[in-house]
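So, here's a batch of structures to check.
Consider the two complexes below, in which chain A is the common component and chain B and chain C are the respective partners.
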Partner chain A sequence: MRGSTRLSLTTHPPSPSAATRTASGPPRRLTRSAGLLAALLALAVVSLISLGVGARPMSLGDAWRGLVDPDAPGYSVVHQMRLPRTLLGLLAGAALGVAGAVMQTLTRNPLADPGILGINAGAAAAVVTAISFLGVSTFAGFVWFAFAGSGAVAVLLYAVGGGRSATPARLALAGAALNAALYSYVQAVQLLDTAALDQMRFWIVGSLASAQASIVWQLLPFTLAGLAVAFLLARPLNALAMGDDAAQALGANPARARAVGVVVITLLCGAATAACGPIAFVGLMVPHLVRALTGPDLRWLLPYCAVLSPVLMLVADVLGRVVARPSEVQAGVLTVVIGGPVFLYFVRRRKAVAA
Partner chain B sequence: MRQAVIRAAGVSGRFRPRALVAAAGCALLAGAVAVVLIGSGDFQMSPAEVVRTLLGNGDPAQDFIVNKLRLPRVGTALAVGAGLGLAGALFQSLTRNPLGSPDILGFSQGSAAGALVMIVLVGGGSAAVAAGSVAGALLAGLAIHALAGRHGAHGQRLVLFGIGVAAILTGVNGYLLTQAKILEAARAMVWLTGSLDGRDWGDSAPLLIALAVLVPLVVAGFGRPLRMLEMGDESALALGVPVTATRVLMLGSAVLLTALTAAAAGPVSFIALTAPQLARRLTRTTGPNLTASLCMGAALMVAADWLAQHAVSGRQLPVGVVTGLLGGGYLVWLLVRERKSGRI
Partner chain C sequence: MSDNKQPRLVGEDLTLAYDRRTIATGLDVAVPDGSFTVIVGPNACGKSTTLRALARVLRPAAGAVLLDGERIGSWPAKKLARTLGLLPQSSIAPEGITVADLVARGRYPHQGLLRQWSREDERVVGESMAATGVAELADRYVDELSGGQRQRVWIAMALAQQTPILLLDEPTTYLDIAHQIEILDLCADLHEQGRTVVAVLHDLNHAARYATHLIAMRDGDIVAEGPPGEVVTAELVEKVFHLPCQVIPDPETGTPLIVPAARRRAVASAP
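The block that comes next holds the complex of A and B.
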């Protein structure tokens, strides 16, 4: 039995036999491709549901007609309000899921997540600084601050957490510490500036509610660039998972792969956080669940994550619109409420996580 | 390590002079800063005047300002600092981890959630908020202990469960904050940061009672078992320490202290993390350093409150802002250092 087909806490390097079997196994590739198609189908359905659910509910058919037919009654609602929101969920979800998968591979750490490790908090702290002290109020303005913040934290975390020798627990601890420090800064700024508090308390929990078409367009290039580089990085990262020596022997450049990986994480997390606030646990949960389906091969893992993370994100958003009518629960709250127990489960089912 | 022994009437006690001097120094520092803090404000008083008034020899105006207006606040600060210092020392000793503090383990978030429920959903007064924060912290403690489960609440597992619970509660707290009207949100935000504004003896009475009971119990009764426990469960058991009972009792005491400090002044961040660390550097001993941490916590708290009142001229910051910013910087330094020496 292949160890990687079980839901496994460690990011196992693919064993040589598994690698050859995937390369030479058309049936395996067929099931994986079929699975990816099914995932895409699920994404399409969830997107339609997301277009249909809201203050004025529509059937799936009406939602579709509202999307394509300019004369349909739901056209303006769908296009002006729900489509940007759905697209934002798609982009941010894909970004966070893929960033999580890259992070887990890069740190060889099953508990890695942009939220847990403080990357999102770094972006949040930088954005809060921009809003309050520099008067920046547009996405185009603060996305650069978000990049700076998440990049700085990624580097700091790597230095503090111990680089390659970091254990899962040590890294999670360093991340929690950074989270505590950064959020107390965010809190301090919010306190000194009530207007900023009013603007930020909705953003800081992570929400898709403020979506606008312009934000989606500005988020698009960053996310696409990040995803593209991540996919190109799949092969070197696969090699890296087997250890630095093996990776070098296979022709990969470990140092470069790691540096590019950090850039990818910064790009994806920074852009997603700037657009919809810090959203935790999407990047933790989805790669774990996907790994159970695809095994640890990143060439399959990353596309699956890119498709299934938005599914989770949109489901959380749609649930948030439904559970507390007439008000809304933010998507970021629901991902935490769903994802937190998953994190606890991962910790609990492996005694040796405290290595 | 140099030690001294006192023998009298058939009873002998062993102590480390350096640890004693460090604790006394911190206590003196806390007292000195407290006197300065009482003397500062719109009505300035010299330290000598403050001490004279505290001893009951001031004129009526001074007596009113010192004993009625400023002493309750400073007293609360001292009590909160001492409580946090002791709780932090207990947590760090029990988790055998320099980062094991209520901020990171989820207890602060638990008490914040309880308080937010009271502020936002119930709309209760300060007594209700205090009760909510105590209940929240205790519930979070129970949840983490139950999760850590049969393998016992120790070490890294406890920390990781705490991180998970803290993350969930942070999300819930954020949601509660968005459900509030802006005035309630601002009030909740001040509470969440930790503030000593307008605190009097009524706010800190439960904490003072708990300190009066728990400090002798913990420091005198459990200092030794805790030090043994740091050597590992098996060694401690072999040395005759009731491991489970000690751990549950001490964890309970630490959670209770955290909850009551939060009820008195909100979840003031980082005191519980930094006080035991600084105390350990002063005493240069391993072990929980309970007394020194307690005095150090009190000193840090009054010093932070002095800074909070004087850092920005013309306006008072909540004390939690100062501890958060200074503590955050210290934390990063600590992380780098601990990593270099391979302790985390």
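The block that comes next holds the complex of A and C.
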């Protein structure tokens, strides 16, 4: 055998300009880091607005003082009502956005979204069952039902959609059918059990209004665990995005990456749905918009989604508090109102590209 | 390494199957070290399946693929990916990925949680792009490239893995003739730099010109193997492809050149 195991490819050293052009190198990384910083700033501003807007509106300055100064007049309003609500939006938004990005990569389907493909509906169906038939009434009680529901749908979707040979169309059809069936079930239970209806009314459409500090604290560990595992999965998912053969050739384990991915989606969607009801389109829209900024590299896509999805969530929630004063429109309604047209836009654009 | 050594990459008594469809049984295959081995044969003869088994993306139903005497399935995945590279037939370029980013993904087996992107990675990616002639395309989107350029980018990604053995599954399919030759010249360069290269090719003339070791397959069996000059004969082509032909020396290289027999010779040469 000639040569050694480690071979040089060329005798010419690459020119410095070629080296700096490498996209993972410093220039691109700098822009991406700066963009992430800007996104964090936007999130801080939106959070502050979320603390200030409500039945008793405050300026951003007053909202800030209400947050940090126990003697400020707005302290109790901010801490008892608006802070839990804002934190819930942060956590649920991050969870749904990251889950959407993971799902789109796993299925290699840019239109995958846990809200559209029935994952959130599965959690909702399980929670409704727990409330109505088993008398479960606390978050700590029904979060486990939510995990079971979203996990069951994820596995079912995988099986019905054709497993490894799943085509985007098959997966979308299976998901849409599951979604419709589960929502009919949720609505049927509501109609049959009017007593539980009141408790479920806000929750079913996806709302941050009933946020309590205790729920936020219980949601926190699940969301953080889900996000942490998702970030660890970024590189294997990058490999998986190029096809199973390519992933395996690179030394990744497609089956394991897929299994862990399903666990991440279950954890994030189950927890978010248990806390604020099924919310659609956040997981679809944000990864799409972010991909235009970062490209398809999940090591950047996931952190961006984790920051920008809560921005969308909080904007939807704040708008909901403002547009129909003195009553409120639930955030879950507004994400659909905003998300529907965006979804159509992407579907149309893909067709144009394919033609 | 011992003197009386087996080649690094061999398949022993392989049974290859997809679900319940058996492609090959009792197949023995060896890739000579340092060779440019080309596997040829008619459609559905099992050539790509064999390559996929050698590359460990298809697990044999029976028998074993051995690399350096060890079952390929028992190699740690990343260590294997630093030794054996594969250019699969169908890879998906993620939407909106740039050439440099795609090539950089070839560094996966060299990275880990604690070993993130390094100067070494940077250098290898640059060299891989230079070696395949795609350095000027570094910032372009892969979606925008021509078929030939895209194939060179995928090869660059496989090169960035820095493997001494490189397997290519039909690297020239869907390319026009000029790009086919360009890719084959590139493969020959990679071989001359010291790699063991294994490719599945459709075109027997290309195989005869570029291969140092030819493996001809039919119905899941190896019909003949060896240097193209010794193996490629009119009888073999008739036997493997059921194609009557003449074999003449390639005027450019002297390697065997297959000229299919003309059914309508009389018409063509009529006065």
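The definition used in the following text is that the second predicted complex is superposed on the first by the 327 of 355 C-alpha atoms of A that agree within 3 Å, B and C clash if a C-alpha of one lies under 4 Å from a C-alpha of the other, contacts with A are read in each partner's own complex, and residues count from 1 in each chain.
As a convention for this text, contacts are C-beta pairs under 8 Å (C-beta built on N, C-alpha and C of every residue); 3 or more make two chains touch, one makes a residue touch a chain.
Remember, it's a predicted structure, so these values are computed and weren't measured experimentally.
Novice: In the overlaid three-chain picture, which partner chain does A:160 touch, first (chain B) or second (chain C), both, or neither?
Specialist: It touches chain B, and chain C stays clear.
Novice: Just to be sure I read the superposition right, which of the two partners does A:194 touch: chain B = first, chain C = second, or both, or neither?
Specialist: The first partner, chain B, only.
Novice: After the superposition on A, what does A:329 contact: first (chain B), second (chain C), both or neither?
Specialist: Only chain B; A:329 stays clear of chain C.
Novice: With both complexes overlaid on chain A, does A:253 touch chain B (first), chain C (second), both or neither?
Specialist: A:253: touches chain C, not chain B.
Novice: Can you tell me whether chain B or chain C touches more residues on chain A?
Specialist: B
Novice: Examine A:241 and indicate which partner it touches, taking first as chain B and second as chain C; both and neither are also allowed.
Specialist: So A:241 only meets chain C here.
Novice: Which partner chains sit in contact with A:296 here, chain B, chain C, both or neither? Use first/second/both/neither.
Specialist: second
Novice: Which residues of chain C touch chain A once you look at their complex with the stated criterion?
Specialist: 8, 33-34, 52, 55-57, 77-83, 85-98, 100-101, 104-106, 108-109, 111, 113, 117, 121-131, 135, 138-139, 158-159, 161-162, 164, 193-196
Novice: Any idea which chain A residues touch chain C in the complex?
Specialist: 1-10, 12, 14, 18-19, 21-25, 108, 110, 232, 235, 238-239, 241-246, 248-253, 291-292, 295-297
Novice: Mind listing the chain A positions that touch chain B in their complex?
Specialist: Within the complex, chain A contacts chain B at residues 111, 115-116, 156, 159-162, 169-170, 172-174, 176-178, 180-185, 187-188, 190-192, 194, 197-198, 201-202, 204-206, 280-281, 327, 329-330, 332-333, 335-337, 340-341, 343-344, 347-348, 351, 353-354.
Novice: Residues of chain B touching chain A in their complex?
Specialist: 97, 99, 103-104, 147, 149, 151, 155-157, 159-161, 163-168, 170-172, 174-175, 177-179, 182, 185-186, 189-190, 192-193, 269-270, 317-318, 320-321, 324-325, 327-329, 331-332, 335-336, 339, 344
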